[in-house]
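To start, the structure itself, in structure tokens.
As written, the chain order gives the labels A, B, C, D, E and F, with residue 1 at the start of each chain.
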Amino acid sequence: MLIHVVNPNTSRSFTDKIDHAARAVASPGTQISATQPVMGPVSIEGYYDEAYAIPGMLARIREAEALGADAHVIACFDDTGLDAARQLARAPVIGIGEAAYHVASLVAGKFAVVTTLALAIPVMEHNLVRYGLATRCAKVRAAGIPVLALEDPASGGVERISAEIEAAKRDDHAEAIVLGCAGMADLAADLSAKHGLPVIDGVAAAVTLAESLVRLGVRTSKLGGYAPPPPKPYVGIFAPFAVGGGAAGDGA
Amino acid sequence: MLIHVVNPNTSRSFTDKIDHAARAVASPGTQISATQPVMGPVSIEGYYDEAYAIPGMLARIREAEALGADAHVIACFDDTGLDAARQLARAPVIGIGEAAYHVASLVAGKFAVVTTLALAIPVMEHNLVRYGLATRCAKVRAAGIPVLALEDPASGGVERISAEIEAAKRDDHAEAIVLGCAGMADLAADLSAKHGLPVIDGVAAAVTLAESLVRLGVRTSKLGGYAPPPPKPYVGIFAPFAVGGGAAGDGA
Amino acid sequence: MLIHVVNPNTSRSFTDKIDHAARAVASPGTQISATQPVMGPVSIEGYYDEAYAIPGMLARIREAEALGADAHVIACFDDTGLDAARQLARAPVIGIGEAAYHVASLVAGKFAVVTTLALAIPVMEHNLVRYGLATRCAKVRAAGIPVLALEDPASGGVERISAEIEAAKRDDHAEAIVLGCAGMADLAADLSAKHGLPVIDGVAAAVTLAESLVRLGVRTSKLGGYAPPPPKPYVGIFAPFAVGGGAAGDGA
Amino acid sequence: MLIHVVNPNTSRSFTDKIDHAARAVASPGTQISATQPVMGPVSIEGYYDEAYAIPGMLARIREAEALGADAHVIACFDDTGLDAARQLARAPVIGIGEAAYHVASLVAGKFAVVTTLALAIPVMEHNLVRYGLATRCAKVRAAGIPVLALEDPASGGVERISAEIEAAKRDDHAEAIVLGCAGMADLAADLSAKHGLPVIDGVAAAVTLAESLVRLGVRTSKLGGYAPPPPKPYVGIFAPFAVGGGAAGDGA
Amino acid sequence: MLIHVVNPNTSRSFTDKIDHAARAVASPGTQISATQPVMGPVSIEGYYDEAYAIPGMLARIREAEALGADAHVIACFDDTGLDAARQLARAPVIGIGEAAYHVASLVAGKFAVVTTLALAIPVMEHNLVRYGLATRCAKVRAAGIPVLALEDPASGGVERISAEIEAAKRDDHAEAIVLGCAGMADLAADLSAKHGLPVIDGVAAAVTLAESLVRLGVRTSKLGGYAPPPPKPYVGIFAPFAVGGGAAGDGA
Amino acid sequence: MLIHVVNPNTSRSFTDKIDHAARAVASPGTQISATQPVMGPVSIEGYYDEAYAIPGMLARIREAEALGADAHVIACFDDTGLDAARQLARAPVIGIGEAAYHVASLVAGKFAVVTTLALAIPVMEHNLVRYGLATRCAKVRAAGIPVLALEDPASGGVERISAEIEAAKRDDHAEAIVLGCAGMADLAADLSAKHGLPVIDGVAAAVTLAESLVRLGVRTSKLGGYAPPPPKPYVGIFAPFAVGGGAAGDGA
């Protein structure tokens, strides 16, 4: 089974960390292919960065489809471009945000999310509402650390995340914690041991759920909003990305 | 990895069908142990049957815990006794209803459930509300067939289920179907092919999700409603089921 | 009019307290019959205890039906087994939890619940969501006292409940309080006087609502999930509890 | 016990019908006092009529308070002026709409409302959302008959109501029916027998719930939106209605 | 374009303040006509005052219709009588509460409301739920100042409002503030500058939205609850307010 | 006042139609600047097209900001890229979808949306949930016509839209209609006259709401998810789009 894990930002160190987290949890027969786009932001913090991350990420998904990927994992907690990817791909696609929320819902009545910057809170809240799982989430909390600072031990990031977990237990009655950034993948086990509750990393959660879908033989339904994009020309530098289209003349 | 799949009713033929469905989807390294209670109803149709199915089912879960089960699957679509089982067990517990709803949410915007009797609709609607996934479910439909009639080809059960799937596509804009009874486990593949949309069987879904949780090393949180039951005596024939208690005298 | 009040736990002192609270509020022409199961836990704290309380409680409801009860009250704040009881009984059935929520909704915009242990919070939250009254409940609070400690004045239980009521007024803007345990039935009047807001005891609330339903001649609808259980055999020690069934052979 | 039942419209025949329905269900020791305003519309069909019904109705509630009423029932299905009445009165106040919704919630999973004109549907839908019971209501249906036509057997009103009940059972899976107009009070028993499900009349429901509140000694909380109106002058013809105020000069 | 702004209370100073706020934001071609009722309370604090404010306010709306008003603005934050006014008027009607909520929703993910007295909180919460925008409102806060005290600089009202805004930013994560009283219209600009977030005054918001509707040529739909009131007699002092009716005899 | 209206697709004919609709409703002092991206799909039908429309659209918004635009209107009914645009722009940004929903909410209790293809339904449903206005929308309907076919009278598109409006009135009790595609801007007036209810075109609605915000001096809050994107390098062909960043080396 080949699972394509795409890091939607363009930072190699992130891709490596994600690759490592994915391989650590994959079943014996599962092959992990970790990629990153050739264009876009070095980290994703908010809607604007997302907008420029998605086109390159979709290109990676199309390539992985051609290479026979059995499932795709989008390794950004915003579930960046998840809907578009589902329209494009034949294989199932899972975002690490939704994966973590679903797993947390299976082991706790209520969970809290601890993410990086306050800027990211509304994105996750919107996703939770759409997925239906907002009622299961006690609160989305931000530790106040930039995404890339997670890579720097001197940033005090781990301590701040730990403090938010403590607050989530005490003030939100959270029974489980979802770590709201792919860059926190390596912290889950230690934080779970320290705080005595399940701490979910989305990358690992998504890889195992992707394996589930493949084993079940279940793919994205093509009946509603995930029907394939109607073929049409794309203009300008995006012409190559059109599905069944091709370049159009000036303004079509 | 040992996954305990408990059929909460006392019909051997049901347990066998569930056992078969579970083995068919389990990973190479996964061992399936299928059980059924020694006491209780031969099928579960509504709240009253549930009430008498749960005590015997919990006994099976306690035994399987002692035998080292890594996860438990409750193989009734009502997710019969799921909360109590989570309080009791150290290993994670998954109901086939919730498993199917979560899997359907990963591959479709909206799904419909097709179950056996109208009597079962409110049970599932209540569960969907609690899980948060009611907003993802377009409708719970009943095919109007008793549970045990599913075993009889002459009952016309498959045709009625198929008709409800057709109606769910046309009238509810359902993009995926959840088969709402453990006894329909063997129908999913054919119905998916026939109707051109994902058709989810809960037994298979729950087994793969159980594998996910075990691989992730995630167990039920013991911080909220799933904290272990406070020890206390149980009176009368239920005395042996008390946790850390023991029999009490008359009326405690 | 005969109202059957069943205490689902097996503690005689609880049954007596409930009996007393019920008689205190009953109309002149109303006869109260208070019972408790012959089997099950001595107190109900969480889902697991509930599972072993319900079978014995349903037996009491069946007996009371035979004796001509006009209505049944289930005197546990979890509304333990309410759905199953409604399926079984011809007469209307009211849980003391739901009774208290409905009464509070008639005299306040928002109410808070003060219960015993944190363990019980999710059970009540789930019920509130199902009943539709979650939007009327500002918060479910736990005073951190075991159910049976309510009987011991030295436990400081009343002071802790009082402190939670104060917090509910100040922090949750609660306009009324629901006492979330049958064992608090004797505290309502004093706490209402002390805190200057309505304090609702579920036992009293349920008895008066039961009288309402009987006087209205309204019984549980048998059209949906409360349709009578389809007859079928029950296996083992539960065989006597089957409705219209009878014992089956080994594993049916 | 003295229960004041106020018909907010100015039609004597309506008041008589309501008085009759109230007396029919009242307990032996309960005295019913039925009133109607001296000013306002002869029937209430929509928000505009409501606006001119409330001032006169509140005057009746104030008078009944002075006469020692133990509870007030507002006998219009819109629960006309219920909030203002709760602010004004010391005794509890119940609207027949809310009473019927609460009673229906105690005997059915889902109910439907059958009212007179389509114009009234949004009013009831708004109330249901506020009360929290919208999730329990399958649908609000209008029979397409003016309020006063209910008094004319030749209007075919009963047949149209009956047809809507049939549709509610078939299409909405309603398990109980709420009759959405005080003028239908005399139809409940026959319709219940004919259709085989609980049919709730709000006047009777409200009277029995009012008795419940009085027996429980529970009054409207004065902590939130129902705190007494701050004293202030009212200008013009409404000066006599000011609470603790008195007439003011030109435009205050 | 003629926009009729009606102050539903009878305080001239309030009407003047509202008139000023409306003129300040109106487009060059827009004419503002500010009125107040000839009868009713000098300020509106809670449901009871509302009940006596509406009849006089509706009379002003009817007069303004006759004078050719293109739109009506109801200048009380409770949106007092908005539904009845929509039934009565041919021109569109906008409440300053709803106007502010809609405008806040266009410039912020979540907003908070700061109003005068705690008594007013439930009224606004109910409106927010009905409008659908409750999910956009982080919290309704009260500054604890009577409406008319806003006119007295020595009351410390502005400081208290400012403190609540600070709390809303810090504790509710509010991104914008809605000032919940027409009497605060003159504070918006200063508070916005001081706190660095949008502060919305409902009078100004409603006037610009009214201009939008007029320019779009969109009027209130007459298909649902806003259909014209069916003609009927009104009794007593309200006889002149009947629509297409006329006075009736004794009690109709 | 300069309002920038950006058509997110690359079809000149669409931009012209939008430009025309915007100018038709703009106030005398308002200048309309209609643009379209230099890259991207010729029409937007679903999530995948959206992903490739947003980057070019954001570039147009940045240019318009530099030219002093007072407000931006995104003229696609999906509100394509609205969140990212709000993060980027200093001036307020309004999507034509949200504009139409807000305007419809001001003139009707419930509205229905009639859009082009079924594929677009989930996008709009998601937006409605996020905006909070899902409870105001009776149904999103698709007329089954591709976006560009709207330009071809022989396509029968108008007839199909008209049929869906009829169904929305009859089956959904819709009181107003929102036309769910910028390409339907020229149909609103005729359809409103024909069907006797408000028919809202989003382009016109958004232009007037943009004028409202500018006149009110209200801009997007920068406190939550719309805080400016943290500066960072973008890689590859997207490097020029980075905010405060600049090109990065290989994979950063």
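Here is the rule we use: contacts are C-beta pairs under 8 Å (C-beta built on N, C-alpha and C of every residue); 3 or more make two chains touch, one makes a residue touch a chain.
For reference, the UniProt names are A, B, C, D, E, F = Hydantoin racemase.
Fair warning: this is a prediction, and the values are worked out from it, not measured in the lab.
S.K.: Would you mind checking which chain's C-alpha centre is most distant from the centre of subunit A?
M.R.: Chain centre farthest from subunit A's centre: D.
S.K.: Could you report, rounded to a multiple of 5°, the rotation needed to superpose subunit C's C-alpha atoms on subunit D?
M.R.: The best-fit rotation has an angle of 180 degrees.
S.K.: Based on mean C-alpha positions, I'd like to know which chain lies farthest from subunit B.
M.R.: So the chain farthest away from subunit B turns out to be E.
S.K.: Measuring centre to centre with CA averages, how many angstrom lie between subunit B and subunit D?
M.R.: For subunit B versus subunit D, the centre distance works out to 44 Å.
S.K.: Determine the centre-to-centre distance between subunit A and subunit F, using the mean Cα coordinates as centres, and give it in whole Å.
M.R.: 27
S.K.: Among the residues of subunit E, which are close enough to touch at least two other chains?
M.R.: 109, 118, 121-122, 129, 173, 224-225
S.K.: What residues of subunit D sit close enough to touch subunit C in their complex?
M.R.: It is residues 25, 27-29, 92, 94, 98, 102-103, 105-110, 131-136, 169, 173-176, 189, 196-198, 200, 204-205, 208-209, 211-213, 215-226 of subunit D that touch subunit C.
S.K.: Mind listing the subunit E positions that touch subunit D in their complex?
M.R.: 10-12, 15, 36-43, 45-52, 54-56, 58, 81, 83-84, 86-88, 117-123, 126, 129-130, 146, 224-225, 227, 229-230, 232-238, 241-243, 245, 248, 250-252
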